[in-house]
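Can you read through this structure? Questions will come right after.
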Amino acid sequence: MDEHYYQSDEYIVIKAIGSPVQIIGLTRGDSTKPHHTENLDKNEVFVMQFTEKTSAIKVRGKAEIYTRHGVVTSGE
Amino acid sequence: MDEHYYQSDEYIVIKAIGSPVQIIGLTRGDSTKPHHTENLDKNEVFVMQFTEKTSAIKVRGKAEIYTRHGVVTSGE
Amino acid sequence: MDEHYYQSDEYIVIKAIGSPVQIIGLTRGDSTKPHHTENLDKNEVFVMQFTEKTSAIKVRGKAEIYTRHGVVTSGE
Amino acid sequence: MDEHYYQSDEYIVIKAIGSPVQIIGLTRGDSTKPHHTENLDKNEVFVMQFTEKTSAIKVRGKAEIYTRHGVVTSGE
Amino acid sequence: MDEHYYQSDEYIVIKAIGSPVQIIGLTRGDSTKPHHTENLDKNEVFVMQFTEKTSAIKVRGKAEIYTRHGVVTSGE
Amino acid sequence: MDEHYYQSDEYIVIKAIGSPVQIIGLTRGDSTKPHHTENLDKNEVFVMQFTEKTSAIKVRGKAEIYTRHGVVTSGE
Amino acid sequence: MDEHYYQSDEYIVIKAIGSPVQIIGLTRGDSTKPHHTENLDKNEVFVMQFTEKTSAIKVRGKAEIYTRHGVVTSGE
Amino acid sequence: MDEHYYQSDEYIVIKAIGSPVQIIGLTRGDSTKPHHTENLDKNEVFVMQFTEKTSAIKVRGKAEIYTRHGVVTSGE
Amino acid sequence: MDEHYYQSDEYIVIKAIGSPVQIIGLTRGDSTKPHHTENLDKNEVFVMQFTEKTSAIKVRGKAEIYTRHGVVTSGE
Amino acid sequence: MDEHYYQSDEYIVIKAIGSPVQIIGLTRGDSTKPHHTENLDKNEVFVMQFTEKTSAIKVRGKAEIYTRHGVVTSGE
Amino acid sequence: MDEHYYQSDEYIVIKAIGSPVQIIGLTRGDSTKPHHTENLDKNEVFVMQFTEKTSAIKVRGKAEIYTRHGVVTSGE
Amino acid sequence: MDEHYYQSDEYIVIKAIGSPVQIIGLTRGDSTKPHHTENLDKNEVFVMQFTEKTSAIKVRGKAEIYTRHGVVTSGE
């Protein structure tokens, strides 16, 4: 493992308004590729952090995404 | 154990409005998979931190989730 | 003991409105399991921190829980 | 003694409104058990910190408890 | 790997208003060149951090970009 | 002496409204016991810090106690 | 590479209002010279950080530049 | 001397309204005892810090004491 | 190179209102002398940091200079 | 010299309203005794820091003392 | 060179209102003497930092000086 | 030279309203004595820091002194 460790207490909150909602975590490292897909059913809520593994998140489907820059809605 | 230790004093608060409510902790490490499921009965409250083990949380069932980005409700 | 030590000055306050109120501390480590149950009688107040041992808290019974995200009530 | 030392300048203030008021300090370590009980008579005030020894405090009897999350009253 | 590690908990949020939206990550190092292109379909949301790899981001296509300096729209 | 040293610039202020007022310092260490009693006459003011020695303070008699959580009065 | 590493989580946002817009990065080191030119077409948005390589940025053409000191427009 | 050094930039201000005013510094160490008495005449002002030596201050006589918790008057 | 490295995330923004505008960087070291002159044409914008090399900046010609102390205009 | 060095960027400002005004610096160390007396004539201003040497300041004579706790006047 | 390095991201901004304006940098070290004089013509703007070399600045001639304590005008 | 180095980015601003104005720097060390006198003519402005050398400043003559505690005028 790398000597340096990504550490942050920041998190975002995602609420599925429709179904399915896909939350795709993309890798932090030399390449940026999906490493995990979380599927949410309608009205499920997901609270997640950026980690040493994850530096980007894609959200597909109808959802509300609560962030430090406000609430953003995905999906139609 | 890893030389680096995740440390944060942040926490979220989850109140079960219906029953059952499932709170699923997902792992921080190389893979993102469930490692713990906490079941709440109606009106129980759960206060939890992100830890070295847990970097994501899924909430199923009717609940209020109190976070730094506001209060989000899960469930129908 | 682990070389790393969880340290935070954050605390939450729990007031029992009914009786009994159970406050269950869950472990921070590899598994998340109850390690302590504190029973409160009506109108008793409990002030507690997250510790190296405790990273989650479940509250059962009628109580007011004072946190950094506001006051949450448990119990019916 | 442990190489790590709990350190915080936070404190809470407890005023006994009735008598007796019991302030019970519980241990931070592997087990959570009472290690000290302070008895207050009516109108006495107690100012206390969390310490390496104490990570939880139970208050019994009629009192006002001044904390970072506001003032909470114990006792009937 | 370099002894120094870029670390920040800052992130931006990009919502595709039209389709396609291209998010192009450019390298931090000696040269500034594209290393990753993420394609978003309409209404998908992308949350991303600057990393050791990425120090600039270009957005093409109709999108809302939520940042610490406000919300900026791309595309016509 | 312990290798770790308690350090804080926080202090509280106590004004004796009646006489006598007793300010009792309790020890931080393994046991919590009185180690010093300061007696104030009416209208004397005492400004004090938590120290490596003192982690709790009991006030008896009529006094105003100025703290970070507001002003609390002791005594009838 | 230098033992010291420039690190900041600050960034600016540039939106091309006209076309072409040129964003020229200038070197931090002993001399200040262009090392990269990014061309934006109308309505493209560029989010960029200062880096170990870049300590100055010139913007040519009609653009809005979002910064910690407000929004500045370039171009006629 | 101890390897640890108390350090704070906090100070309080004491103005003698009557005469005499006594400002008594008490020791930080294992015992809490007076180590210095400063006498103020009417309308003299004393600005003082907590130090490695002093962790408590008693004020006798008519004075205004300016602190981070507000202005407290001593003396009748 | 010096063992110490100047590091700041502060920057200023300069917009040329007239033409030409000269931005002259002066050296931080033992002597204060120009080491770089950047010429801006009308409506070009320059965003720049203080660096290990540059500790002073002179602006000649009609420009708006956005700083932490407000917006200052140069030129007649 | 002690291995630890007192360091603070705090300062107070003293304006002589009458004449003479005496500003007496008292020592930080094991004993608290005057080590310097500065005499101000009417309308002179003195700006001073606490230092490794000085941890208390007495002001005699008619003066305005500007501090972090407000403006205090000395002298009749 | 000294092992310690002065470092600050603070700066001041000086606008020449008349001509000539002289900005004289004085040395930080054992003696305080001019080491650099910058001459500004009317309407030129100078942005400058305190450095390891410069700890005081004198401004002669009609100018506006933008600082953390407000805007001060020099000259008649 | 001492192993510890005084470092602060704080500064004060002095504007001469009359002439002459004397700014006298006094030494930080074991004794407090003048080490530098700066003379200002009417309407000159002096911006200065506390340094390893200077821990007190006396101002004589008619001047405005801009500080973190407000603006103080010296001289009649």
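A few comments on the model shown:
Should a chain be cited, it is by its letter among A, B, C, D, E, F, G, H, I, J, K and L, assigned in written order, with residues numbered from 1 in that chain.
Here is the rule we go by: contacts are C-beta pairs under 8 Å (C-beta built on N, C-alpha and C of every residue); 3 or more make two chains touch, one makes a residue touch a chain.
Bear in mind the structure is a predicted one, so any value in this text is a computation, not a measurement.
Counting only chains that touch, the fewest steps needed to get from chain G to chain L is 3. Chain A and chain F have centres, each the mean of its CA atoms, that are 49 Å apart. Averaged C-alpha coordinates give centres for chain F and chain G that are 56 Å from one another.
Taken residue by residue, chain J touches two or more other chains at 7, 9, 12, 67-68, whereas all remaining positions touch fewer.
Chain contacts here close into one cycle, and each chain has exactly two touching partners.
Touching chains close into a ring; read starting at chain H and passing to chain J, it gives H, J, L, K, I, G, E, A, B, C, D, F.
Partner chain B is touched in their complex by these residues of chain C: 2, 4, 6-10, 12, 26, 28-32, 50, 55-60, 63, 65, 67-70, 72-76. Residues of chain K touching chain I in their complex: 1, 5, 7, 9, 11-13, 15, 25, 35-36, 38, 40-49, 51-54, 64, 66-68, 71.
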